[in-house]
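Can you read through this structure? Questions will come right after.
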Amino acid sequence: EAAKTVRINQAFQSLLYLPLYVARDKGFFEEAGVDVKITTGGGAAQSWSAVLGGSADFSIHDPVFIPISKAKGGPGVVVAAIQDAPAVWVVGKDSTDLQDNVALFKDKIVTTMPEPDSTWAFFSYLMQSNNFDKDYAKINQVGVGNEMAPLLAGRSDYALGTEPQISQVETEGMSVVYSFSADPDWYPFAFSALLSTEAYVKDHADETQRVVNALQRASEYIYTNTDDAVKVAQDAFPDLDKAVVEKAVQRELAAKAYPKEVTVSEKSWENAMRIADFVGIIDKDADTSSYAGNVNTEFAKNAVGQAD
Amino acid sequence: MSAQSQTSQGDVEARRTSSSLAGMSPARETLLVWGLQAVILAACLILWEVAARQGWISTFLFASPSRIFDVLTRQFASGQLFNDVKVTTMETVLGFIVGGVGGSIIGLALWYSPLVARLTRPFIAAVGSIPVLAVAPLIIIWFGTDITSKVVIVAFSCVVVSLMSSYSGAQQVDQDEINLMRSFGATRNQIFLKVVVPSSMTWVISGLKLNIGFALIGAIVGEYISSESGVGHSILVGSANFAIDTVLAGLLVVMILVTCFNAIVRVLERWILPWKYA
Amino acid sequence: MSAQSQTSQGDVEARRTSSSLAGMSPARETLLVWGLQAVILAACLILWEVAARQGWISTFLFASPSRIFDVLTRQFASGQLFNDVKVTTMETVLGFIVGGVGGSIIGLALWYSPLVARLTRPFIAAVGSIPVLAVAPLIIIWFGTDITSKVVIVAFSCVVVSLMSSYSGAQQVDQDEINLMRSFGATRNQIFLKVVVPSSMTWVISGLKLNIGFALIGAIVGEYISSESGVGHSILVGSANFAIDTVLAGLLVVMILVTCFNAIVRVLERWILPWKYA
Amino acid sequence: MQAKLEARNISHSYTSNRNVAEVLRDLNFHADENEFISFVGPSGCGKSTLFNIIAGLLTPTGGEVRIQGETSTGKPHPSLGYVLQKDLLLPWRTIMDNVILGLEVRGVDRKTAVERARPLFEDYNLKGRENDYPSALSGGMRQRAALMRTLVMDPEILLMDEAYKALDYPLKIALESELLETVRRLRKTVIFVTHDIEEAVTLSDRVYVMKARPGQIIKEIKVDLGVESTDVQDRRMAPAFNHYYQLIWKSIAQQSLPAKNRKVA
Amino acid sequence: MQAKLEARNISHSYTSNRNVAEVLRDLNFHADENEFISFVGPSGCGKSTLFNIIAGLLTPTGGEVRIQGETSTGKPHPSLGYVLQKDLLLPWRTIMDNVILGLEVRGVDRKTAVERARPLFEDYNLKGRENDYPSALSGGMRQRAALMRTLVMDPEILLMDEAYKALDYPLKIALESELLETVRRLRKTVIFVTHDIEEAVTLSDRVYVMKARPGQIIKEIKVDLGVESTDVQDRRMAPAFNHYYQLIWKSIAQQSLPAKNRKVA
């Protein structure tokens, strides 16, 4: 039986999507009987467009695009989790730990992604949930991937980022001062997921199941064969320092960011929607944002069950 | 351009004829053109709106004129539109002056030294092929995230076109006109100011015209790299939300800005090249 | 260009003199220029490397020549480099042909109808100011994520410059030369082919030269929007993970490509405009 | 007999920006088959403008041109050949390609065209320069190439605007003689502009004298040198030559001079 | 007495791509103060090339030019004024601004320059055209403007390459007479190129006759019309005129003709 071809578009080539690379490099997709072609968009909007335009079957990025799409009458369904924690950290030159001391952000310049992207939303929400006003800390927005530049150039005090940037700037003398995943109010969190359209999932239930199965296997593998997973990550980023990659993967694991089970839980969905609602890009109470209406857990549950 | 030093009888007449429509007066002609342009524009918009309303195209993916209009109305009411336009215009104009005008001056000045021109040519071309996005981190490190960085990006987006275009112009200068100046014992500076510069003006202006678009693209890209406001910021927000109507509203604003800048440069051109419009 | 119809005695001589360095033969001159360019390049690289090794600049932020070289060696060994270059070159060349050559043809053809030219002018300028990134979702929806979409983006990046540049050229044609053709009873097509096209060639080629850089930027941006390989893909991966050395290695490859394409166009130019180099 | 070419009440004004300059007022003249007519008159009186009108390159603001009895439609008439005042060689074409430009436009294939042009290169002393670009030619050579470009078309009516101005004397004499001979033999019509009275007298059957501001014909002089020869040297030596020379001279002598130089010649 | 201008063994070849064309070979001549010398010779014999060399615009491949005893440094000498064969009016300048271009280069302020130029517009019949752009002028008008541009500089040595070619006869006579008078009065030196033998005889003190391929001086003719008047008409009528005319005519008559036309004149 010839393997069925499945096209996945990832928003970035990112350590956040390690389960994808593990599934590919360890042959899990192959063993599941699918031939996966991976393309890269330069951002979530592009990836999701690839699915809408029919040039990809799945996309991998922030799942908030599904309720946005639905709110505007578009299609979309969340199929499986890729990142299940808000794997975002704050780094700064000053190593004073701020985990329980958020008030110390006062009057600091903090670099985030542009509004309304995730790190901007995270930080804004963090400030608001602590009842600080808008100008408590000065937010400095820069394009995705560039957040560390102002920090290292001394143009800001703190920066929010994801791996492997965090581990990279650590070697440049910066310190992690805050972890969002370590905050019990934030975990779990539907941070990245495998997304598709209802129509595709319905018509290609078999392929979908196989892909999800492979991802489930990969997610487990990361926890059971961490050393091998680290090697996959190092191969995926040959130009990064090997030690940095290892540290980055370990930090992700510590934050339980790679899901042990690829099912997107209701809690993790609600947490994600709360932030998106705060930003104003969706209404968390609208039907179009509901857990049931957006997340298809059937494949993930099958995959988890099968693995047991 | 020395092309004109050749023109004589029949030239002005023929030029007039070739651009005039059935012997209309220039003023009526302009009105006619504007009218037709308005009709074309309106026709496209109506077709688009109808297609959207009838469901021939998905408004989710392609928006519709009325939805774009709604977005603009909302942005106008909140004052965001005015502020965005102000910020982007400021960045564009400053960067255009630095890069476009500066590049033109450098390009013309390369006339002084064919050696320097030849030496730097490949480097200039190479630098001109750098996508700003790829060096975003370096730009932020060097120029920060405030208006300076946008001005730098706009200037960078303009400088190569203006430089190469004006340099081409300076290369086209009629050697005989230079010989004429030399026969008067003119210094190199005099030759430059009195022959090379005016004779290259058509090229310089053609470069500047091209750069209007690039300057705005530069400003938008700059706002992609870092921003709190501006038309590019608004487009970015729309794009991150998958709000195509917001994106297209931003693009519409950009196009209107370009049209205005173009009109301004056109007026400047008539003022700088009176002999072309005598 | 009609400028040349004026040149006569002293022109060739003067041109030669103005570009020659202390009476050297053209071949030796070229060697000298190449030598100097190599020296400049080497000096910059050495300075950079020393600065990086001495810790004057952070290698994390600014990489260093040796680290960039390591990246390239690794990419070369794995075959990735060759594949990336192949993919990007393909996209660039196809898009350049569609957009650059196509745009030049359209721009020249606008000579036929001043009315159409005037009508479309603002629309063309407006379209030229659209930042590709802002319409990335639409491009993916319409043209998918394979090579077609990159070719479209490259073509789009080239078309406006070539169009406007060649149109400017067609506007510069000496009316007297057209009158001469008319006196022979030439049809509009003959005037177009025998006078307008050759006389605008300098402008067309100048537009194409500018477009080499834009075509490559277009390909890179296209690969930013979606890709599985290509130099832009490699830059994107580096950039998303803050690997400046990978980004700069990619840029270096881009610059080398531009230099090669430029050399090719320069050869083509000598072949298309033999009378300029006679 | 119907005139080969006839101009009726030609008037022309140039409009630029807000100014209107009246250049020609109410010109009437004609040229018959096998006739050589010349226009002489001060520089700027509108001769080139008139030629552009005859050639159909410029639409006059008034009047009409009739060629072989038909009203000219404002398009260049195929039986007309026009040697413009400027040489206008196309810089991107070799001399040969410039010379055969008109034939090419007519659809003559290159080989035939080159064969027809080749003898002219001999006559006009440009042999060996066929493959040069115009920028390598001297002023007189360029002028000759421009002349050849029109003559190779073998037109029935020739308009020549100072066609021999940059030629050296012996060559000019030889080429003029050849032209006269051809005109006689093939019954062509030539309309000529010159500032050289000698040239006008030796070549023309009739001379129109113009004045400026606005351009008008003030005199028509029929020239009959009483010499059959088409050799310009012979015609120059004809006894009647001086009479006509003086006649023309007198009618143009005063008008083009600046006020302070106006004394009786 | 030292010659005002002296050329020693001037040779020149043009190199283009791989071809070398020898244009001038071993020219020697001189011009004194208050002297008017002319070069006549077939088109393409290298007259314009020679003038470019004298003017310092072109470095000869051999020989040297001395001006007032000093070897010319390859830079245009300030006492030289050059009327080029082409008019070369700058299209972006009005006629007035074209005429005062040289003065501007010398640093004369605009007001003074305009005042100096104004009378020339009268003399050269261009009054009222000061603010036109060159494209609105006729061929002869452009030529006059180019002439004025050089004369307004009042140079000691004048190089004139077919400077009067597009002018109508009466105006030409008037302007030539004026030139001659000025030369005499202010003891200027003029070096002149013309194809018009009449012009050469009436104006010159000495005439150099050139041949082509390569350009060489084949004859030097001292002209003495025995007339003091600077009026060209008077000089034209001088009894000696015909003698010199024939002399020059004979020395150039044959050489520029194509082979088939070479019969004895």
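Order of writing sets the labels: A, B, C, D and E. Residues in every chain begin at 1.
The rule is short, and it goes like this: a residue touches a chain if its C-beta (ideal position, glycine included) is under 8 Å from a C-beta of that chain, and two chains touch if they have at least 3 such contacts.
Listed by chain with UniProt protein names: B, C = NitT/TauT family transport system permease protein; D, E = NitT/TauT family transport system ATP-binding protein.
The structure displayed is predicted, hence computed values, not measured ones.
Q: Provide the labels of all chains in contact with chain B and in contact with chain D.
A: Expected: C, E.
Q: Taking a step as a move to a touching chain, how many steps at least join chain A to chain E?
A: The fewest steps needed to get from chain A to chain E is 2.
Q: Out of every possible chain pairing, name the one holding the most C-beta contact pairs.
A: Top-ranked chain pair by contact count is B-C.
Q: Just the number, please: Cα centre separation of chain B and chain C in whole Å.
A: 18
Q: Using mean CA coordinates as chain centres, what's the chain B-chain E distance in Å?
A: The separation of the two C-alpha centroids amounts to 48 Å.
Q: So the centre of each chain is just the mean of its C-alpha atoms; given that, what is the distance between chain A and chain B in Å?
A: The separation of the two C-alpha centroids amounts to 40 Å.
Q: Identify all positions of chain A at which a residue touches two or more other chains, and write them in rising order.
A: If we look for residues of chain A contacting two or more partner chains, we find 43, 45, 48, 52, 145-146, 148-149, 152-153.
Q: Specify, in ascending order, the residues of chain E that touch 2 or more different other chains.
A: In chain E, 14, 16, 48, 52, 57, 85-86, 88, 136-139 touch at least two other chains.
Q: Specify, in ascending order, the residues of chain B that touch 2 or more different other chains.
A: 1-2, 5-12, 14, 61, 133, 136-138, 141, 174, 176, 179, 224, 239, 242, 278
Q: If you look only at chain D, which of its residues touch chain C in the complex?
A: Within the complex, chain D touches chain C at residues 52, 55-57, 75-78, 80, 82, 84, 86-94, 101-102, 104-106, 132-139, 142, 153.
Q: Of all residues in chain A, which touch chain C in the complex?
A: Contact set of chain A toward chain C: 9, 12-15, 37-43, 45-50, 52-56, 144-146, 148-149, 152-153, 164-165, 168-169, 171-172, 237-240.
Q: Please give the residue numbers of chain B that touch chain A in the complex, ascending.
A: It is residues 58-61, 133, 136-138, 140-142, 144-145, 224-228, 233, 236-237, 239-243 of chain B that touch chain A.
Q: Mind listing the chain C positions that touch chain D in their complex?
A: Residues 1-5, 7-9, 11-12, 174, 176-177, 179-186, 190, 194-195, 198-199, 201, 273, 275, 278 of chain C touch chain D in their complex.
Q: Across the complex, what residues on chain D touch chain E?
A: 14, 16, 40-44, 47-48, 85-86, 122-125, 127, 136-141, 143-144, 162, 165-172, 174, 195-197, 233, 249, 252-261, 265
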